[in-house]
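When the chains are written out, they are named A, B, C, D, E and F in that same order, and each has its own residue count from 1.
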Amino acid sequence: MTRYEQGWRKLLEIDGQAGVAVTESLADIAPDLAKYVVEFAFGDIYQRPGLDLRSREIATIAALTALGTATPQLKVHIRGGLNVGLSRQEIVEVIMQMAVYAGFPAALNGLFAAKEVFAQGDEAGPSK
Amino acid sequence: MTRYEQGWRKLLEIDGQAGVAVTESLADIAPDLAKYVVEFAFGDIYQRPGLDLRSREIATIAALTALGTATPQLKVHIRGGLNVGLSRQEIVEVIMQMAVYAGFPAALNGLFAAKEVFAQGDEAGPSK
Amino acid sequence: MTRYEQGWRKLLEIDGQAGVAVTESLADIAPDLAKYVVEFAFGDIYQRPGLDLRSREIATIAALTALGTATPQLKVHIRGGLNVGLSRQEIVEVIMQMAVYAGFPAALNGLFAAKEVFAQGDEAGPSK
Amino acid sequence: MTRYEQGWRKLLEIDGQAGVAVTESLADIAPDLAKYVVEFAFGDIYQRPGLDLRSREIATIAALTALGTATPQLKVHIRGGLNVGLSRQEIVEVIMQMAVYAGFPAALNGLFAAKEVFAQGDEAGPSK
Amino acid sequence: MTRYEQGWRKLLEIDGQAGVAVTESLADIAPDLAKYVVEFAFGDIYQRPGLDLRSREIATIAALTALGTATPQLKVHIRGGLNVGLSRQEIVEVIMQMAVYAGFPAALNGLFAAKEVFAQGDEAGPSK
Amino acid sequence: MTRYEQGWRKLLEIDGQAGVAVTESLADIAPDLAKYVVEFAFGDIYQRPGLDLRSREIATIAALTALGTATPQLKVHIRGGLNVGLSRQEIVEVIMQMAVYAGFPAALNGLFAAKEVFAQGDEAGPSK
C-alpha cells in the first residue's frame, strides 16, 4: 500500500466525507496540496503508532481552538473527533479548557463551531 | 473544601513542584493571579468530570506547542503530562503532530522543550 | 453577594445586553463556561480596584484588535467601551495605534468592526 | 512629489482599484489611517529601492497567509501580486509553502482566498 | 518642527533612554527602520490628540502582553508606562486582565517582564 | 532518487550545515520528524518547479518574521537566503516590510536575528 493509499484510508476513517470535500476543493487550484494532506498529514502522521486516534483528535481540536485562525478545519476535526469515538461532552471539555491557555474568546469561538457541527449531526438523524 | 483547596490539590497532582514554583514566582508582583490560577484553572477547569487528566494534558501540550508563545508553561505541562501518566513517546507524538496544524517550527521548538524536560528527568534518576 | 452576582452586575454595567446574549448563546452547549465568564472575567477581574473601567476597556479593545482572532468579542467590547464612557474617537485612536504593534491589517479589521458597532448605535437613535 | 503622492502612485500600481477601495472604506471612521497606509506603507516602504515589487508581493502574500488573521488584505495582495507580474502558479506556490511554516490550515485558507480572487479575474475577462 | 523632530521628542518623553537604545541598535543594519519608528510610531501616532499618553501606554502594554511575541518591546513600554504616569499597580492590572483574553501564559509571561523592569527601577534608586 | 535523497540534497543546497544541525538535534527525541522535514519540506515543497529558490526564501523569511514565534528557524533561513543568492540588503528589506503587516516589534526582532546571522558570517571571513 502506498503512502497515498494509507493516508486516504486514514482520512476516510477520521474525517469521512468532510475530509474528501477538502481534497476536492483543492482540485482546480492546488491538487498537489491535497496530495500532501493525504500523504503527509494522514499517511505519515495520523497512521503512526504510539498515540491512539482519540488522543490525536483531542490534540488537534485543542490546537485549532487555541490558534483561532482555522474555523473550517476545526469543524472538520470536531466531526472527526466524533467519528473516532469522542463524546460531545469530551469535545466541549477540550474546547472549554482552552480558555485557560488561549483566552475566553478562543474558547467561545471554538464552542460556537462545535454548536454548528453538533446541530448538523442532529439534523442528520440519530447515530452519534 | 474551598475552590482554592481543591485547585491546590489538583495543581499538586498535575504539575507538582513546578506548579508550586509558578505560584511562588508571582508572590511579590501579582499574588492574586496565582490565586486565580489555582482557583480557576485547577479548581474550576481541571477538576471537572467529563475528561480525564491524561486527555487534558494532551490538549494543553498540543495548544501550547501550537501557540509557540509559552515555552515556560509548555515545559511545566510536559512534566505534568508525565505526572498524570503520559509516556514520553505519547508526548512526542502530540508535539510532532502539531507540524500539521501550526507548522514545523512550532513542532521543532516544542520538541526542544520536551528534550530539556526529559533530560532533567534523567538526571533526577530512574522513575518515570 | 456571591462572585456570580458581583460578576453579573459588572457584566451588565460593561457589556449590557450584548454580554447577556453571549451567556445565553452558551446555554445549550456549555453553560458552565458562561458561569466562568461571569464569575472569573467579571466577578474576579473587572471588579478589581486598582484600574478604572475605562482603562480596562482600552486594554481589552487593544488586545482583541491586535490578536485579530476574536471579532465577535471585539465588537462586544467596543460597545462596552462606549458604555463605560469612552468616546468613539478614543476607541478609534486605540484601534489605529495597533497598526504600530500588530500591523495595518489588524488595525483595519478592528476599524471595520468599530464601524459596524457605531452604525448599530446610530440606528438605535441618539444617546451616545 | 510629496510622500502622499508617491505613495498613492505606488498604491495604484500595486493594488489598483482594490487599494483605492480600502482607503475609501476608512473615510468616515479613520481617514488618517488611510493617509498613513498611503504615506507609510506605500510612500515609505514599497517605494524603497533594494527589493523589486515582485519580491515585495511574495513577502506580503506569504506573511498574510501565515498569520491567518487578515483575509481581506490577503485578497488585495493576491490581486496586487498579479498586477506586478506574479503568475497564478507562483502565487499558489508561495501559499502552499506556508503549510511548512504555519501549518496546513493556513495554506488551505490562503488557497481558498486565492481561488476567489482568481475567479473574479476570470469573470472580468481575459487579461492576466 | 519636522515629523522626525516631533517624533523624537515624543519618543524621549515616553520611552526615554530605552527608546534611544532601540534606534541605536538599528543603526548598522536598518537605520531607516529607526527613522520610521520615530516618524510614524511617535511622530504620527503617539502625538495625535484624542487619546492621552497614559491610555496609549495601557493599550500598548495590553496588546504586547496578549501577542506574547514581543518581550523586549513590552519591557520598553512597561518602562514607558511608568514614565507617563501609570503606577506599577495599574500596569500589573492591565497585564493580569490579559489572562481573560489571551490566556494565563500570556499574563504570566507579561508579569515576569514587568518584574524585571520594576527590579531595574528599584536598583536605580527611589523616584518612581 | 528517493524523496529523502532529493530532500537532503535540497536541504544542503539551501540551509547547508545549519540544516544538517537541525536534523541532528532531533536524532535522540524524534528522528522521524527530521525525516519528514527532509522528505516533505525539502523533498516535496522546495524542489517543486514553479517558483525559484530565491523567491521561496523570501516567502519563508517574511512568514517567520511575521509570526514572531520561530527565531531559531528564522536564523536558519536568513542564512539560507544568503546561500541561494539573496543579498543582505534584500533580506533586510523583506524583514522591514513586515512592520506594515505584523507590526514594528516583529520587524525589529527579525532584524536583530539578521544582525546575529550577518555577524557570524563576518567572523567566518569574506565570501557572502
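We adopt the following convention: contacts are C-beta pairs under 8 Å (C-beta built on N, C-alpha and C of every residue); 3 or more make two chains touch, one makes a residue touch a chain.
What you see is a predicted model; the values in this text were computed from it and never measured.
> Going by the contact rule set out at the top, which chains touch both chain B and chain D?
Chains that touch both chain B and chain D, as defined above, are A, C, E, F.
> Through what angle, between 0 and 180°, must chain A be rotated so its C-alpha atoms fit those of chain C, rounded to a multiple of 5?
120
> Taking A-D as the reference interface, which entry in B-D, A-C or C-F shares over half of its contact pairs by residue number?
Equivalent contacts to A-D are found in A-C.
> What is the chain whose Cα centroid lies farthest from the Cα centroid of chain C?
The most distant chain relative to chain C turns out to be F.
> Over half shared numbers or under half: where do the identical copies chain D and chain F land at their interface, same or different?
same
> Have a look at D-E versus C-E and report the one with more C-beta pairs in contact.
Pair with more contacting C-beta pairs, C-E versus D-E: C-E.
> Determine the centre-to-centre distance between chain B and chain C, using the mean Cα coordinates as centres, and give it in whole Å.
Taking the mean C-alpha position of each chain, the two centres sit 30 Å apart.
> Please report how many Å separate the Cα centroid of chain A from that of chain E, as a whole number.
40
> Would you mind pulling out the distance in Å between where the CA atoms of chain E average out and where those of chain F do?
Chain centroid spacing, chain E to chain F, equals 30 Å.
> Residues of chain E that contact two or more other chains, please.
32, 36, 40-41, 48, 64, 66-67, 69-70, 73, 92, 96, 98-106
> Residues of chain C touching chain D in their complex?
Touch residues, chain C against chain D: 67-69, 92, 95-96, 99, 103-109, 111-112, 114-115, 118.
> Where on chain F does chain C make contact in their complex?
Answer in residue numbers: 66, 98-106.
> Using the touch definition up top, name the residues of chain D that touch chain C in the complex.
Chain D reaches chain C through residues 22, 25-26, 28-30, 32-33, 36-37, 41, 64, 67, 69-70, 72-73.
> Inside the complex, what are the residues of chain A that reach chain B?
Of all residues in chain A, those touching chain B are 40-41, 45-46, 48, 50-51, 55-56, 58-67, 70, 73, 89-90, 92-94, 96-102.
> What residues of chain E sit close enough to touch chain D in their complex?
Spelled out, the residues of chain E in touch with chain D are 32, 36, 40, 44, 48.
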